[in-house]
Amino acid sequence: MILQILYIVAIVSEAITGTLAAGRYRMDLFGVLLIALVTAIGGGTIRDIILDMHPMTWVTHPEYVIMLCFCSMLTTKIPYFFASLNRLFLMLDALGLIAFSIIGVNKAIEHIEHEFGFIICVISGVITGISGGIVRDILCNKIPLVFQKELYASVSIVACILYYCLYFYTPLPNDISVIITLIFGFGFRMVAIHYKLSLPVFIFDENTKKKNEK
Amino acid sequence: MILQILYIVAIVSEAITGTLAAGRYRMDLFGVLLIALVTAIGGGTIRDIILDMHPMTWVTHPEYVIMLCFCSMLTTKIPYFFASLNRLFLMLDALGLIAFSIIGVNKAIEHIEHEFGFIICVISGVITGISGGIVRDILCNKIPLVFQKELYASVSIVACILYYCLYFYTPLPNDISVIITLIFGFGFRMVAIHYKLSLPVFIFDENTKKKNEK
Amino acid sequence: MILQILYIVAIVSEAITGTLAAGRYRMDLFGVLLIALVTAIGGGTIRDIILDMHPMTWVTHPEYVIMLCFCSMLTTKIPYFFASLNRLFLMLDALGLIAFSIIGVNKAIEHIEHEFGFIICVISGVITGISGGIVRDILCNKIPLVFQKELYASVSIVACILYYCLYFYTPLPNDISVIITLIFGFGFRMVAIHYKLSLPVFIFDENTKKKNEK
């Protein structure tokens, strides 16, 4: 139930941020809507394709697609209003990331045909959390942001691990596990943004090496 | 029957236009063939993956793949001849777009395992119509053309809606519905090209905003 | 058995070369790991999605994913060491390409639900061999290398055809067919690298044509 509400909050806020991101690339309205949809529901779509879970959430709930299109169109009408809520969206995006991650872990745990272990459940959560944004950036012809910014995928990974452990190794009811993961993950992401925490960058350039050797 | 013929006309003309598009990127023969195949059958492939329809058309008809490779290779031999048929290909491409859209709606309507409603049927048609071109542009490292040019996706959407309505809400036989949709969609696309109709472009740049405020 | 060993050698060497490739794009550790994983197991993933073979290899063997992450992280620690093994990796990569191709053909031949013929088996092998690298290049925002370099996809195609023929049209045991294909394909690739053999490039530019006509 909490997850259901969070899911809707998450896809709506992803659709709005996706719309604003598309605004930089001179796309027409259709392009913008598609970017918004991909950002919002692309992660779940890729997870369902990889783990073979059909029909997908949005296929059984096409009304979500309509709602997201509506949100995206509204955003194109008053973009500066939404952009001024920048901080709110950073927070909604963080909530969305954790919600997607938890939902992804959950879906893998409850997969009908196969029993997946710890690793696949975590991967399922991370795919749900981040791959919508990756496809958005591919469509906008950029190197995915998630590879270069503050801790984002890492927050998703930690949240997935935490939720999985709470689910299987504690007697807590599911709703409590969800809330603990949400609070922890959200806090972690906010701290990462505030202190600009990021993973070490790996730079490797054969030519530089050769120059140094000369 | 009409659809079968149109399907073949559509994939052939998409393969030829895909080949010509690839010619701008210094690709080798294999790259060109792959771009041609993706443009022609990529849309149907993505639809079948999302709606879980296996085996796909080209997997059960591998002879189509061979035919498309042959057309693509022929195009690399006499590209200027095909390019001089520019107008013909614009028309074939428009026919192809509508044919793909109708086929996509049809496949969703006749999906064996699930009953899909109006929205998913239209989405299925649009995915079939436009996503081959999107993958082609991703492989060529560009922002997809369909997001930036004259009405293209919109024509597909309108054609899908029209066909769906004719199919379910009129007593017309299927072939007649197909022909009406084809004529209407083709005319719409031709008008869009001629008058350079396009959707409004959404441009949003936070920095410009900030500058204006100063 | 040979294939099993080769598979592990192949994914490990692809993960290492993927990591080194990612080093040019200022990605963080997560981005690098993802690029490494995609390069190593992306080809098989795309094949399994297209031919509907679930669950995928890495989903049933999540320990491979962990192993690849470990290899990739090790590579980021001592990149110059691995880069100095450049020649070894060219050879491992060639072995990997052939191994992936054979595995892809094999999987299509042994597909449970459908009987695929020659063409789909070859396509399955080629997809397994090359599409990991294509997705890697898309994520790095480049035109896929495989479209522009020395014979690579062509080697995969020839190896797939050879293996298919040995499998069906000779009485040789499978292991012998695998070894023959490996030796032949590896030799072919080495010759292609040494003599810089490549497919003809197809360049087509409408504007140049128009200029010439004036």
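Labels A, B and C are assigned to the chains in the order they are written; within every chain, residues are numbered from 1.
Basically, a residue touches a chain if its C-beta (ideal position, glycine included) is under 8 Å from a C-beta of that chain, and two chains touch if they have at least 3 such contacts.
On a predicted model such as this, the values are computed, not experimentally measured, just so you know.
Chains touching both chain A and chain B: C. For the touching copies chain B and chain C, the fraction of interface residue numbers used by both falls below half; the interface is of the different-residue type.
Distance from the chain B centre to the chain C centre is 29 Å, each centre being the mean of its Cα atoms. Shown for chain A are the residues that touch two or more other chains, namely 49, 52, 138, 141. Contact residues of chain B toward chain A in the complex are 49-52, 113-114, 116-120, 123, 134, 138, 141-144, 146-148, 153-154, 198-206, 209. Residues 19-20, 22-32, 34, 45, 49, 52, 54-56, 59, 62-63, 65-66, 76, 79-80, 83, 138-141 of chain C touch chain A in their complex.
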